[in-house]
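Here chain A shows up in two complexes: once beside chain B, once beside chain C.
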Partner chain A sequence: MTGRREGSPFSGLSTVALKEAADHMNSARIHLVMLLVLLTAIGSVYAAIGQIKATIGEDQFLFLRLFTTAQEPLPSFVSFLGFLIPLVAIALGFDAINGEYSRRTLSRVLSQPIYRDALLTGKFLGGLIVIAICLLTLWLLVTGLGIVLLGLPPSGEEIARELAFLFASFVYAGVWLAVAMAFSTLVKSPATSALCALTLWLVFTVFWPMLAPLVAGAIAPVDLLDPMTAVHQIAVQQGLSRISPNVLYGEATLALLNPATRSLGLLFPSQLSGALMGAPLPLSASLGLVWPQIAGMIAALIVLFTIAYVSFQRQEIRA
Partner chain B sequence: MVPARFRSSFETPSKLLAAAVLAIGLGIGATPPASAQSAATTAGQQAPTGLWLTTRYPDFSAQAGKDVSVDLTLSNHGLPPQRVTFGLDGLPTGWTWEIDGGGKPVRAAIAGVDSAVDLTLKLKPPADAGADKPVAFTLSGKGDGQSLSLPLSVTLTKTEPAKLTMDPKLPALRGTAKSAFDFDVTLKNQGQEDTTVNLLSKAPDGFQVTFKEGYGSQELTSLPLKAGESKDLKVAVQPPDSTQAGQYPVEVAAAAGDISANAKLVLDITGRPTVALTGPEGRLSGDATAGQERTFTFTVQNSGSAPARDVALSATPPSGWKVAFNPEKVDDIEPGQTASVAVSMTPSQQAIAGDYMVSVRANGPGASDSANFRVTVRTSTLWGVTGLAIIGIAVLVLGFAVARYGRR
Partner chain C sequence: MSAIEAPVIEATGLTKRYGRFTAVDGIDLAIGKGEVFGLLGPNGSGKTTTILLLLGLTEPSAGEIRVLGLDPLRKPLSVKRRVGYLPDQIGFYDHLSAVENLAYTARLAGLASPEAGKRIAEALERVRLSDVRDRRVSTYSRGMRQRLGLAEVLVKGSEIAILDEPTSGLDPQSTQELLDLIRELAADGVTIVLSSHLLSMMQSLCDRVALFRRGRIGLIGKVADLTADVLGGTHVVEVEASGVDLPAVLAGAPHVSAVTPLKGGRWRVDADADVRADIARRVVNASGALSEMTIRQSSLDEVYVRFFEGEDHDRAA
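Right, the complex of A and B next:
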């Protein structure tokens, strides 16, 4: 099985990635999902601008409000992204490998001078390219809408924070793409892998916020006579909820887009004594605050990709 | 002739009132012809009948240089209306006289039955009339067959010259440039005339002088003073805050027309230290990392007029913070000099990123200042390194997988 062959394992990587990206760009599936994302995003930003114009007189970070202001019944732009980015990523990746199986095209592709490493990595990179293009377009669209409708240019720090937010969104999408691709290698049927990925998405989006306190209560019960057990339970609950990439992404966007955010965890009043509330944090401090979240997402992305990789490398593909 | 009770009062020692009674008695009783008197008088009747010309004060003194007026009463009891023509004898030369009745000069008057006519004798002494010498004259009235006469005497006296005095109770006060200097001053009008005095002051530049009533809060510029009256005033002097130590004279005066009184007040201002606390390079903000000591150099400046001694430094840090000063106490700062203090702040290990306010104070006797120092806390980069390590581990796992399963 392990016949060593010549050449780089990544020869043909760019060919696969670009072809994959081009295929995605032309597929009706992605058009549909992106249309959904674009419409909701524009709707929420438009509503946010109306709200900003009506209520806010002066704000140092007016542009960041575009992303975080919600107007009933629409949620804010970042909540939309947290909800819909996984959908786009799953749509891009759920049949990446098992789709090739079911179309019986995998052996044909691999009969070309392309290694499996390059095929899997190329498919993953192709998905990331599409996601990057979509997010960048969306980001430019929102910023442009903000400039046109608010009549103000964003400040340098606002742009830096928005770029950091863009990067966090990209990593978040990458995590879900890796999830979808892992399922597409582990599960043979594309329909099943899509369902698995969607189930995970639903669990993390809808049920995880309910499950985390429940599980935390079971793991770390509160002793009424010892207040520290309550603190411990909250810490456990927070740790559990941070398994969900949605929570990590939500915390990252909160700290990046709301500069007054000073902490994402449990705080004691003693830590707040003498603190100037509402004073915006410098960008570097905000980045330091969200770095654990982003690092966690990057690590999760790599680990998920490794799972997909190991699984794919060990599969029998001569079908 | 004269009723008994009149006689008894006649025998009493001479008094002003008695003199008036005497005038009545003389005016009527002393005239030689019996017919001059009303004949209806009988000893048995209580009310006397007759015609009288009277005044209350027949012998009086008046101010020199002024017109003299004497109130007269022509009264008629029980007689038919009597016409009386007036005359005045015995006035020294240069004096003029006039009798006014009902607001106009009159030469004669008629007293009706049981009624009295009020008259005023006006005398105008010459400008060079000698003072302190009684001038005697007789006012006479000629009626229908009777003659009335009223001897009068006026003594001209010199008027006291108007005089004001101003006496401070405590003419010199000592205090710092920020003290209140309140001088109590008694102002007295020792003349015989009411007057209105203006209050004036002369003080070094920048000194504010205000006059107040002794127990009032209203500021005064002038006040009326009756003859012989005295009033307590409060003179509040406010020197500028930056006044150097020394003695400063303040002159206050009260003037009414061409007379005035003044008083000299002295403010003995002692020096006063003023300390000002500034942060490093004049800024009041700095960076620190949670759990790590950071030293800022604060400057204590004495901008006052006296040395600041024993200026102790203290701080109100957020809980869990450590703030140390080196030195903890500055022994001596001369006026215009500065002293540097190293302030070492150690934010709490649990401090969250962002801005905290640390209040720093410099306290000396008589002088203090505080500064709110804003510390931007940065959290340790340990978590950043941990994040990188986690990513590194993930990459290692991937590398291992590639090495183990790669190039199939």
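Right, the complex of A and C next:
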């Protein structure tokens, strides 16, 4: 733009972030979504406990089962989170910028000595603060529930794995918050941007798992005479499905909460040599396994935030 | 244009294009410290765009701006710290109270909170919103929001206040109070730039005005000078007389610049002084009968109407 800019691009950042966080905490919209999350979380954990109790004493990672056990007809806690976290993030961010336009507050705020950077980043941080608080509360609640109902505390490694899982959930929520905020700068009407974000959410949760195999079949057809083509197709399919942050998150939680997970892709016999089937991986190995997934989500978050940033910088204040 | 010494706002060749449409077309402007400067012109003539350019809220396509000696594009924070702005379409966070809204912008402006609290209370008192200060802004009427916007400018306590249509939505009493407020601010040495369509108010308030036409400044100067330039006089005398041909009688009379016939044996005389005595003498000397004579100052309304005469009103498309 115009060479070096004066002052810090982040003056006013904390003011904006704190105000946004406070607004969210007081908004009926967020209360509603949080209530939904809480109820499903408690429901799924409670259902899981019934099943887990039977295996007390046999399982080294009993506490982690709280998160991953599904008891028909309820899905597990983690699949609930994978499904609901995007909803929370979208509710937090879908009208971040276009809401300021439609309330006509933008020119008033930007005539204060702050840069647009501070407003956008502050809103993003405000959303992240709320997400962090919610995830922590949820985790404490589930852990507390587990201690009370199972009658034993989680081990150190379990806590470490849960915290890693919380971080992955946080990044995953950040991706969807960035999606929502990007739509809120690109689309003028809050209702439309909410619809856009929800459509994307639906595509990734419902249609993508069906679409990826079809597209992979078209891109890399299997030649019955060449077994490597089958492997190739699966690789393509996996690559495609990993475009969805939901898949990345699912893989990350799988490896973190299920220590027996040895690989997130195809498993070849060579990788299994010397391994005891079902033996848990040490935490560091699990972290190494999910690192690409987490890094991928962080990259997506940065790209989406940059899109929002660039489009917001160019916008006329009257639109 | 008379040279302004040490202008606080200076624009040269300022241009703003939206695509192929030129909203502001090479304007030159200099506003002195402590001046009350009015921006006038029909809808869409570029007043708001000019204001946004001065604040650095939109980037000019060409031209130079200096506000308090600074370029709003290179030193946006310093400029915005020292300039208060009341936007034309004002909005607030509806779920917050008046005080909370003002406290937020005060924090953004970098005011420490005890000082901000004091200023907010004073400002709300001044715009008569103290009674409803803790009510959500969603319950406010249009005019109350406008006054809250003014309070925000007061809280900021800036050296320059730029008010875009501050009177829109205000009741007569509030308009009068706004006038007093602007006069007080001006007396304190605050430079005020305001746009409004209330011409009589602008005439009584502004030291100088600029008339915008199609993104350019058509006229700029003191109201008295403009009336003299456009209408040929600062005074208007309406004369009702019979038995004389007034234009002939007044031919060559000092101060008189124009005589135009009106309906029913009346004339309108434009002059740059009070010429009633002279007119009376001349009519009587020409053995005419003078039945009525009224005088008034030429108003900005007339300048405005004359200036935009024959103008295609809806030029935008």
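FYI, the second predicted complex is superposed on the first by the 304 of 319 C-alpha atoms of A that agree within 3 Å, B and C clash if a C-alpha of one lies under 4 Å from a C-alpha of the other, contacts with A are read in each partner's own complex, and residues count from 1 in each chain.
Definition applied: contacts are C-beta pairs under 8 Å (C-beta built on N, C-alpha and C of every residue); 3 or more make two chains touch, one makes a residue touch a chain.
Just so we're clear, the structure is a prediction, and the values are computed from it rather than from any experiment.
Taken together through their common chain A, the two structures put chain B and chain C side by side without a clash. Contacts of A:Gly250 after superposition: neither chain B nor chain C is touched.
Of the two partner chains, chain B is the only one touched by A:Val303; chain C is not. Ranking chain B and chain C by residues of chain A touched puts B first.
Contact with neither chain B nor chain C is seen for A:Gly126 once the two complexes are overlaid on the shared chain. Look at A:Asp23: by the touch rule set out above, it reaches chain C but stays clear of chain B.
In the overlay built on the shared chain, the residue A:Pro292 is in contact with chain B alone; chain C does not reach it. Within the superposed three-chain model, A:Tyr115 lies in touch with chain B and with chain C [touch as defined at top].
Vectors from the Cα centre of chain A to those of chain B and chain C enclose 170° in the overlay, to the nearest 10. Remark: least CA distance from chain B to chain C after fitting both complexes onto chain A is 7 Å.
Applying the stated touch rule to the two superposed structures, the overlap between the chain B and chain C interfaces on chain A comprises residues 2, 5, 115. Chain C makes touch with chain A in their complex at residues 18, 48, 52, 55, 57-58, 73-78, 80-81, 83-85, 87, 89-95, 104-105, 107-110, 149, 152. Chain B meets chain A in the complex at residues 316-321, 348, 350-358, 374, 376, 378-379, 381, 383-384, 386-388, 390-391, 393-395, 397-398, 401-402, 404-408.
Taken in their complex, chain A has these residues touching chain B: 1-2, 4-5, 9, 115-117, 262-263, 267-268, 270-276, 279, 281-282, 284-286, 288-289, 291-292, 294-296, 298-300, 302-303, 305-306, 309-310, 313-314. On the side of chain A, the complex with chain C involves touching residues 2-3, 5-7, 11-12, 15-16, 19, 23, 26-27, 103-105, 107-115, 316-318.
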